[in-house]
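Structures given as structure tokens follow.
Look for subunit A in each of the two complexes below; its partner is subunit B in the first and subunit C in the second.
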Partner chain A sequence: MECVFGLVGNDFAVVAADTSAVHSILVHKSNEDKIMILDSHKLIAASGESGDRVQFTEYIQKNVALYQFRNGIPLTTAAAANFTRGELATALRKNPYFVNILLAGYDKETGPSLYYIDYIATLHKVDKGAFGYGSYFSLAMMDRHYHSGMTVEEAIDLVDKCIMEIRSRLVVAPPNFVIKIVDKDGAREYAWRESVKDATVASA
Partner chain B sequence: NCGSALTKMSRRYDSRTTIFSPEGRLYQVEYAMEAIGNAGSAIGILSKDGVVLVGEKKVTSKLLQTSTSTEKMYKIDDHVACAVAGIMSDANILINTARVQAQRYTYAYQEPMPVEQLVQSLCDTKQGYTQFGGLRPFGVSFLFAGWDKNYGFQLYMSDPSGNYSGWKAAAIGANNQAAQSMLKQDYKDEITREEAVQLALKVLSKTMDSTSLTSEKLELAEVFLTPSGNVKYQVCSSDSLSKLLLKFGVTQPAAETS
Partner chain C sequence: MSIFEYNGSALVAMVGKNCFAIASDRRLGVQLQTIATDFQRISKIHDRVFLGLSGLATDAQTLYQRLVFRHKLYQLREERDMKPETFANLVSAILYEKRFGPYFCQPVIAGLGDEDKPFICTMDSIGAKELAKDFVVAGTASESLYGACESMFKEDMEPEELFETVSQALLSSVDRDCLSGWGGHVYVVTPTEVKERILKGRMD
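Presenting the complex of A and B:
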């Protein structure tokens, strides 16, 4: 039921993910951040088995950091995506990670990019992508409204359209989403879209 | 030079690579560098638009089968090449290691390995042979010439100890100190590739022992960018090399017949 989707705009890339942490019929929390800031100019939006998700994305994050410490230069988005895919591929036939990833990044030389990496180590460079049951709705919405070179306002408007579609049409739709963006100034949180806030317990 | 400073004490400390002498020296590493000091020299020069490598061939004979293989210059990857000085069989092992490391990087990242990382990786391998395992160090020095998108054209020199550094111009092998001081005098920062070729041939002709310089005794290779922006490694053919030697006035025209 996890929803992750993203798209590439004019000189930025944006990804959105639902923020529900679910175990069977129980919702543990509805403000789980599934979009990791990989380095200054990269984001990983991940969905799947929650233990694998955290384990794998942190592993990639630390290896990307190690590369930068060792070599004094950051990895390009393409190199990081290929490295990530390679790690999934190596583990696949023995001990697979059940994690789907959208890797968004901004490189000075090549601009924004988005990579679709699924749990069986498929890698595609895409303009728009999505995972989960929500992808049926968000991909259709993006196919209808996406065009290349969108501004931030247009892109966020499209993201909101996708969120609305998921909320209204998916049977057990996650209520809350987080949106993160990456451009020449770096990777950062853009906004939350919350329709249900965790209720605070009244003091005794 | 370090050979003449040896005392009798060194005999006790020089047979194993993995121990220091009382003065804090690693004799096996120093002896490896001695071996290279007797080998055919090689010079590398960094220019604005490319890197030039020139090597002195020690194995010259009419009986030698002229094939496409080279004695001094080797391509490691599409964007990196090296010149070798020292024990050829040791060099072959390290060249293969460097080639594997470059491909392994590209396999993981789908990008060419940055030149300094390749040199560092190979030097880490060399360092291992000075610290553990009980095996002798490799008797080879390298001049690495390459291009990457981070730092453009680069020239690195590495030796048996596993140390390396980046250079604008460097010499390894026989008479490398004389060559290095000549390079220091004549190198200019804005040198072009053609001027670098000329300088390299001039310096090599002055430091080589042989009386006349012919294209059979040399190898010349260049690393540069094609107009379409791809890195090219090109070994000069012996005809072009003869013409260059004549043009720059570093050889006599072929008066003697073979």
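Presenting the complex of A and C:
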């Protein structure tokens, strides 16, 4: 099952997601990137129905870009989170998207922030959040070790602790994870944590 | 599990002498899992009207946004704030509009009406108003809250005594309900000031 979690540190926010694309018992690929870079200073980590996940996050990404083109300034993280919640809420009673989202962003004025957005459009600003079966382990791990104002090293150490916990305790644990970070210098990929690499195709 | 019990909530409003108190718990959960312990269920519509929304958090957020919008329009047209009785009617009408596809919320409205007379009411998810002279309750802990309020309530309490009564009723009721709790949020409103206090109860 898909594991997504994230936390807010001193001047940054970090999110991690598993990278397996699964249909029933088959693993299609194990290097699927589920954390989209929304704009220069925002990350959207999504989990849920794969078609909805890709379609919905791309829709949000294009609308965020459109706002910037039209108005000349980027949306704040709070505004992007509220826009995302609005789209989910509007679709909820017609054609719901089964996507759970953790939106991490950095604003110059307000610093780093993390927003928890449920698939039924529950929005809440949090310091640490997680979705999926992995959340039972990662949230507990973060409750124990998290404190406000963590450095990047401390936060990545905590993320690794969560990943180890998920790998050892979840029965269908995803083997590989991607970690992305957002701070004043922008949103970027931080690292991959791979324990299984895709089998290489033999050349013809 | 009922859709009203998906997120967990507890709300109570009580009338005092020329004042009222409205209190809520702080837990935001997804069934058995706790997501946040600082969720705001009570919002200020204007200085003399407060709205608490229990039930499904996403619908509470949507409903709150719609009601703030309607109140702002009212303020522009009428050049004054809404009376609490009028606001209660507005909430009731908006809920009944969705009679056959309702918002899964139970609102609690508390305000100071003409001549600083306190007004409280609650309604079900389709807008059936229930006016009361003493106290109103809502949420997953409502049955415990009814009992606690009935035994602790006295007529014409001063603000300080009212605060104590509401706090004790709230904390003892949420301690018997696994879906609500993690502290309390109490607003005591008199004609001259609004006092907001956060309670620390059993953090489980």
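In this text, the second predicted complex is superposed on the first by the 203 of 204 C-alpha atoms of A that agree within 3 Å, B and C clash if a C-alpha of one lies under 4 Å from a C-alpha of the other, contacts with A are read in each partner's own complex, and residues count from 1 in each chain.
Keep in mind that, in the parts below, contacts are C-beta pairs under 8 Å (C-beta built on N, C-alpha and C of every residue); 3 or more make two chains touch, one makes a residue touch a chain.
All values reported here derive from a predicted model rather than from experimental measurement.
Enquirer: Which of the two partners, first being subunit B and second being subunit C, lies in contact with A:Ile73: first, second, both, or neither?
Expert: first
Enquirer: Of subunit B and subunit C, which one contacts the greater number of residues in subunit A?
Expert: When the residues of subunit A touched by each partner are counted, C comes out ahead.
Enquirer: Report for A:Glu109: first if it touches subunit B alone, second if subunit C alone, otherwise both or neither.
Expert: first
Enquirer: May I ask you to decide whether A:Arg93 touches subunit B, subunit C, both, or neither, giving the answer as first, second, both or neither?
Expert: So A:Arg93 only meets subunit C here.
Enquirer: In the superposed arrangement, does A:Ala121 touch subunit B (first), subunit C (second), both or neither?
Expert: second
Enquirer: Looking at the overlay, what does A:Gly129 touch: subunit B (first), subunit C (second), both, or neither?
Expert: In the superposition, A:Gly129 touches subunit C alone.
Enquirer: A:Gly186 in the overlay: touching subunit B, subunit C, both, or neither? Say first, second, both or neither.
Expert: neither
Enquirer: Show me the residue ranges of subunit A that touch subunit B in the complex, using the header's touch definition.
Expert: Residues 71, 73, 75-76, 78-79, 82-83, 86, 109.
Enquirer: Give every residue of subunit C touching subunit A within the complex, in rising order.
Expert: 7, 28, 30, 33, 35-36, 39, 56-58, 61-62, 101
Enquirer: Note which residues of subunit A are touching subunit C in the complex, please.
Expert: Those residues of subunit A that touch subunit C are 85, 89, 92-93, 116, 118, 120-124, 126, 129, 135-136, 139.
Enquirer: Which residues of subunit B touch subunit A once you look at their complex with the stated criterion?
Expert: 107-111, 114, 116-117, 149-150
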